[in-house]
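Before anything else, here's the structure in question.
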Amino acid sequence: MPYVNLKITKDGVTKEQKAELVRGITDLLVRVLNKKPEHTHIVIDEIDVENWGYCGVLTSEYRANDKD
Amino acid sequence: MPYVNLKITKDGVTKEQKAELVRGITDLLVRVLNKKPEHTHIVIDEIDVENWGYCGVLTSEYRANDKD
Amino acid sequence: MPYVNLKITKDGVTKEQKAELVRGITDLLVRVLNKKPEHTHIVIDEIDVENWGYCGVLTSEYRANDKD
Amino acid sequence: MPYVNLKITKDGVTKEQKAELVRGITDLLVRVLNKKPEHTHIVIDEIDVENWGYCGVLTSEYRANDKD
Amino acid sequence: MPYVNLKITKDGVTKEQKAELVRGITDLLVRVLNKKPEHTHIVIDEIDVENWGYCGVLTSEYRANDKD
Amino acid sequence: MPYVNLKITKDGVTKEQKAELVRGITDLLVRVLNKKPEHTHIVIDEIDVENWGYCGVLTSEYRANDKD
């Protein structure tokens, strides 16, 4: 039954990292809540830094300021 | 008022299929809940098979294993 | 793989109506996209009319104005 | 067409505050994107502090630590 | 704590407009709910007009009919 | 930046289990994607078994059939 939606910024996350996240979250749900892997769905949304606002500005701008 | 979010894997769903899904879901909400079509919004998210985890692995891997 | 999230206002929808919605959406996904029922999850969120804004006002207010 | 989902912690937000949020977001979408109020839906989800994790802990715990 | 998800149709919204939406929503949450900008995240999803159903049809079709 | 939404059925999950899920997911995001805990938000939605459809029926019914 678990459905997990993971939203992260589009920063070149690799296929291996996505696989590790899916394995880690699924194992956690099996261990803590005794959920079945065959009922567990995880969707990863990669969001453009221009489409993620944080601290009142776009992340693209936030990161530029952070570097200055 | 109904808002429906349909997440499916990115498998080349055609425009006609999307139109059929929208018509079918809208008709269902009208028939079962007497909702107004002009208040009914349906968003279809097509998710890359590398971004959908199922059974502890990425769908791309799940399908490859399924074929073996 | 399909995950469907249906948000409706909390208007006393019955268990039978929810079952009809789940059956209808699942059948539609099987017919149109050849999806497997055992991979299809549907979550119904019932939202208080004070927590659903429409046309710039809360639905509770929108409906009161609609009656006048 | 805009659909907005606002998730906030359940902290006794009043009906008037919700109305102000709905009015403010709708006006912003009209002004910036020229959207129609009658196409704009806003759903406010109030999340229990035990169901919102932040900084690796539940918000209930985060706030208790913050007070110490 | 606020998390806001804004879904709009993919109509060439500019970076400046997105920044204005993020600033406006963040300011509103600070003013109305006294939320901290550094706890406020806003994700903008731009949805293809073929993936947004309204009034029982795809938005692409709805807009074509609207022009006739 | 990560925002995680975990939807599970309302089965009496304890505060300790929720804390363990939040800790586990946050640690995973730090380890795999080097994310900052102070930017990581996790919302747990507990869904009534009558509001979660699976295999074409409500979970309440699915579980009853499963027992027979």
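Each chain carries a letter (A, B, C, D, E and F) given by its place in the written order, and its residues are counted from 1.
One rule holds in what follows: contacts are C-beta pairs under 8 Å (C-beta built on N, C-alpha and C of every residue); 3 or more make two chains touch, one makes a residue touch a chain.
Fair warning: this is a prediction, and the values are worked out from it, not measured in the lab.
Undergrad: Note down the smallest number of touching-chain steps it takes to go from chain B to chain F.
TA: Minimum number of steps from chain B to chain F: 2.
Undergrad: Please pick, from D-E, E-F or B-E, the pair whose interface repeats that of C-D, with more than half of the contact pairs identical by residue number.
TA: From the options D-E, E-F or B-E, the copy of C-D is B-E.
Undergrad: To test your reading of the model: what rotation angle superimposes chain B on chain E by C-alpha positions, in degrees to the nearest 5?
TA: Here the rotation carrying chain B onto chain E measures out at 120 degrees.
Undergrad: Count the C-beta contact pairs for D-E and for E-F, then tell me which is higher.
TA: The greater number of contacts lies at D-E.
Undergrad: Distance from the CA centroid of chain B to that of chain D, rounded to the nearest Å?
TA: Going by mean C-alpha positions, chain B sits 26 Å from chain D.
Undergrad: Would you kindly tell me how far, in whole Å, the mean C-alpha position of chain E lies from that of chain A?
TA: 20
Undergrad: Can you list the residues of chain C that touch 2 or more other chains?
TA: Each of 1, 3-4, 7, 21, 25, 41, 43, 52, 54 in chain C touches at least two other chains.
Undergrad: All pairs of touching chains?
TA: A-B, A-C, A-E, A-F, B-C, B-D, B-E, C-D, C-F, D-E, D-F, E-F
Undergrad: Which residues of chain F touch chain E in the complex?
TA: Touch residues, chain F against chain E: 1, 3, 41, 43.
Undergrad: Show which residues of chain D lie in contact with chain E when the two form their complex.
TA: 1-9, 11, 13, 17, 20-21, 24-25, 28-29, 32-33, 35, 39, 52, 54, 59
Undergrad: Report the residues of chain F in contact with chain C in the complex, numbered from low to high.
TA: 7, 47, 50-58, 60-61
Undergrad: Show me the residue ranges of chain F that touch chain D in the complex, using the header's touch definition.
TA: Spelled out, the residues of chain F in touch with chain D are 4, 15, 18-19, 21-23, 25-27, 37-38, 40-46.
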